[in-house]
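The two complexes that follow have chain A in common; it is paired with chain B in the first and with chain C in the second.
Coming up: the complex of A and B.
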């Protein structure tokens, strides 16, 4: 500022500058007031906005809760199984969005039986559209790399060719949930995105040996809904599987025992780990389905403590006989 | 159309093509995924890759034959690659243009003048080639550190693409991570920002590929030069000279990147692209005999100094786990150009740029880090070897990787061996069931197996007060209700019999009904509360070192099961077990 300007610094300019200064000071003051935090950070877990998975079940029909179909062709057995439970129309209403959750945990080819069979997934998608669904989503949060799992297992291609949308577990699709009567599922991230807008939920899983849990079937299939560091739950595998059965109320589960993984589960890795049992179970009660499925692995119900736990928590019955399952055979 | 316009179109085209190749380096079947896109094309066109590997291996790996085309075209036309094709060069060109856009003509001429220091790049080239050329001393391929194609491929694929895709997740489902990417970025950013000091700083002073072209350029048939000595010496030709080669004077032909800005800038049609020598004279690379000798000797001693760490001998680093199909370490270092293609393509993101813990030469070479990525090395994947431009990682088949079919006798490729840390493992150290590692082992039969062990828990010896049917009442009344009902707890008595506990209250436990006959527990006798553990063991004959167990181990931070490279099949001297 030159001397001349300095000498000309009049009242008007002073007031203008004082005004600006005043606004700046007031701004700082207001910002400090609004942001004022008298306590500082507190320890403890931040509780996120919790979501709850919807109830996808359909009304109970006595005598049509479970069907067990013998046959080697998965497309035929699943058709028959659903037909004997009252047809796909009982489960899928016109206009429904159906989420199908196959077990696609591993990046292995379909023939090794570690993942839901693509043919079965495709047939289920087709049935859903036949029942009037406007959209079918096929989704899972696998253990191995998600893209590779859907590609190598053949489920991705089979599902999209049948007209379904394949949804991979992108980070933003996870939300936190708490299971009301649960001990382990508390403030825990689940793969919520694909199920948020779904009207129906169908689980598809193979029957597999599982060294820690004894068996991996339709209840264990819901493990794929868990996000975060879900492996820590192996410390209490029976409780987590039972809680998953409490958390997920599916429309229907398909338990595929066409080829059963008898050893080296849940990954398998060799066709010699498989045994042909030519059995497929469809049920609205996943506990009941698993209590039948364990027999195909030569296990007793008491060998899988999670079955008793789930029954105790009223997630289903582990006495499948009480449901009078429908038996059928297709050639 | 003016020739500079054609050049700009060419630069934009090749730059976009390069970016496209970065995007499509994703395993998958869609048009924007790997399929058959020639993602290595720029690396294959790069004669420094070809010359470097020829020096180290004395062979020309077939895909690198593309470099011959570049060399031939350079001999005919000059350094067209730098000015017309090189994506890194185009980036420098553009940034340098932005930086000097508003400067006066005189300042521009000043910025784009020739500097003696432009000879440094030849010395860098000599250092690198010296390190590569003398097998009696070692022979290592380090050109990739500064090779512009390696550098930009690495920087785009391992830094820029993952950042751009971070929130969109369009290219990969889980976010991609690269350890030490900051250093790659720092080098890239520095190279870019140096354009603010002097345009095409990297190309003029540092680029070893540019230096190689500069040497070849001495043979060029067509070159820039003055058609006649009849020149007003206005120097307008030099205001946008990309190479800093002084076309107005005694043109430094090996510095000319063929930008044609001089041709475009000359108002008197003196400058031409011609077969004749420039009317004002021309000179070849500015390397003194002393500089050459010094850098040759420096290169040889530098390599010797690096090798004194004995990182290829007994002091090798166990965490440098090479991808499946990688050559034995010494051969590997003769071929790896640190381009990062294997790290980019790896579907699980487990292949990471190594740091210098395995030796200075190891920087940015691929190594598996099972703590990063969506899974360890997937059993049914050989993507890394398929994209490796120099076959440092051989393009193996699945059959070879897994040791089946004609490879049954050789057995599977082992990248290393998993070791269990019993001080961190839940069932071993903390009496907690787990075996996530066993479950995820992809080998059949599994390389991880378990042995059952019943461990009496802390304060787990109780005194019986009463026993009726399946219910044992205890003297102790401070049990945690329901704690033993997980299905993993057992009640053992002295004669070794044991029942599964199905429920418990503060002062009682219920046991399963199996095998109980009569009253077998007397009052005041002792019972033990035990937890059933499946303790993992590793079958070293079966373990392939894929690291899926390490990736899945819930003891995060430092895992309880960790792979180290010992036992890898690629190298006899890192074998752990006896044969047969």
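Coming up: the complex of A and C.
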């Protein structure tokens, strides 16, 4: 436009244009107000895309829910513990695919007791094949770099040599789940892939002091199934552990108290953090197993609020004595 | 009145509509993207992170920081990784809050492996805790019982176990964790620690003044601990040091916390006594008259709480009252000497 044209820009026209601009700004403000979401973003997961972990439990047998075996050789104690519960044939059927979920959270040597012991994992793999399994998967979703964890802990090599397939976490193996009656596990990614086609699920975990939770045992071991920024759950650690016990219905859990990490858990770092207790627990009820295990850490059941929460949610019993556990010793 | 020519006016309208359409499309795009936003998909990568442009450690060589700290005969087994408070849990999981609550800034870590034996490896963890006091806190509360206190460092805030070595160096708390208990690895770990002391530059090695306030007589070496908050479960007791004494064959835990002034120390001591009573403590007659009203029976153990000058101090969960009072007198006398010396200056 020329200067002349600008000079003809009148008051009425200016007011009209200013009015339109004002309406546009006000419109934007109203639209922003209407679109404002004070609760923040929510996961964009469709209900039909949510998955649910299968129930891997086996039928209950009175008097054969829990066994506690004394001994220093993990292979012998786990053999005896499973034999006491009715033998591996009770838990693994011919043709089964078995998923074993050891605690391989850290890239530390087995000697430090921060991870499941390789000897125990290997023996469990061997037992599963003995029971007729056609495939055994050993898997975890560790805190540290998965390859380093499986390599440095010795679990990867031990599992492979025993004939298991070691599955490391990959993005496509995670699916979203929502726990019915859960408060924290809602639209949350879990490590689902390795368990999708499994018939049985066995957890293997050491008994450890845990700075945040008090203790890390069978129930806490399922924390490895959580994906995403799972550390947010540390703010409500007792609830998340109880919800994990509600979400996962394993065939069997093996709780290793051969050497117990008494302090500086869950990472430890020094051999002096460990105390030899020479005890191994096998149970179909992980709440009961942990209720016994806490005693090896010199803790009372009431010191671990997640045990009461899990029992209240009917995930198991923390009155392990009511199960009449079978006690045995191996030399 | 409309003096803008028709052609120009139409052009203005067209341009305006195009611009508004573009803004509208951007708005729609943002709306769709935000609707699909899911925090749980955005975990922080566990892969190695690049070192900061400002090196944390100054070494003689221009090599990646931690590599230059490896002992002779060892190679790198991993790259240097750096963790901050947002992702520290990826490295140490449930122990992260212990560090974060104590002023944690960064963790630098790397593994080294023996050139001659692949079963021998160590992990070096260097925690930047911002201050020596913070570093001492995480060092002391994790200190393993019956560990060997090392005298090769000054100040001697170092100890080793059969497979590891732990020490503080300025603002850093450092762990060297070995894969086995072999003598060869143990020597390499000590060499690595000495290398770190020589190479890792810190502003100034400062002593923690409160540690010298504990009377040295009967003090168990290396037993001092620092609780930055909630000592003994009481909120008012922060920056609280504890130390163990061996008196008449019994182990006694003494504590002290330096407050801003005499009034605050008296108030905190009084509040802590109330806290003890609320939690089941029963006042009991003191053998030493000066400790009357400051001595309690707490479920069969003796608690003593008093203040001298700006110090709140006492004895925690002693099994024998007589020994507890003896230790309390030692503490009180030391504080009186200190307070008088300060007020004389």
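The rule we apply is simple: the second predicted complex is superposed on the first by the 283 of 331 C-alpha atoms of A that agree within 3 Å, B and C clash if a C-alpha of one lies under 4 Å from a C-alpha of the other, contacts with A are read in each partner's own complex, and residues count from 1 in each chain.
Going forward, a contact is a pair of C-beta atoms (placed from the backbone, for glycine too) under 8 Å apart; a residue touches a chain by one contact, two chains touch by 3 or more.
This is a predicted model, so every value here is computed, not measured.
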### Query
So, does A:211 touch the first partner chain B, the second partner chain C, both, or neither?
both
### Message
Touch test for A:238: chain B only (first), chain C only (second), both, or neither?
### Response
first
### Query
Which of the two partners, first being chain B and second being chain C, lies in contact with A:9: first, second, both, or neither?
second
### Task
In the overlay, answer first, second, both or neither for which of chain B and chain C A:49 touches.
neither
### Query
Who does A:35 touch here: chain B (first), chain C (second), both, or neither?
second
### Message
Applying the document's definition of touch, where does A:168 land relative to chain B and chain C: first, second, both, or neither?
### Response
first
#### Entry: Touching partner for A:111 - first (chain B), second (chain C), both, neither
second
### Summary
Footprint intersection on chain A (chain B / chain C) at 106-109, 143-145, 148, 152, 210-212, 229, 231, 234, 237, 263-267, 269-270, 272-273
### Message
Quick check on the complex: what are the chain C residues that touch chain A?
### Response
1-5, 8, 31, 34-44, 46-47, 78, 89-98, 111, 121, 123, 142, 144-147, 161-164, 175, 177, 179-181
### Task
Write out the stretch or stretches of chain A touching chain C in their complex.
1, 5, 8-10, 12-13, 35, 41-45, 105-109, 111-112, 143-145, 148, 152, 187-189, 210-213, 216, 227-229, 231, 234, 237, 263-267, 269-273
### Query
For chain B, which residues are in contact with chain A within the complex?
27-29, 169, 172-175, 347-349, 373-375, 378-381, 426, 432-436, 438-446, 450, 485-488, 500, 502, 512, 514, 534, 548, 552-554, 556
### Query
Contact residues on chain A for chain B in the complex?
106-109, 143-148, 151-152, 168-172, 210-212, 229, 231-232, 234-239, 263-270, 272-273, 302, 305-306, 308-309
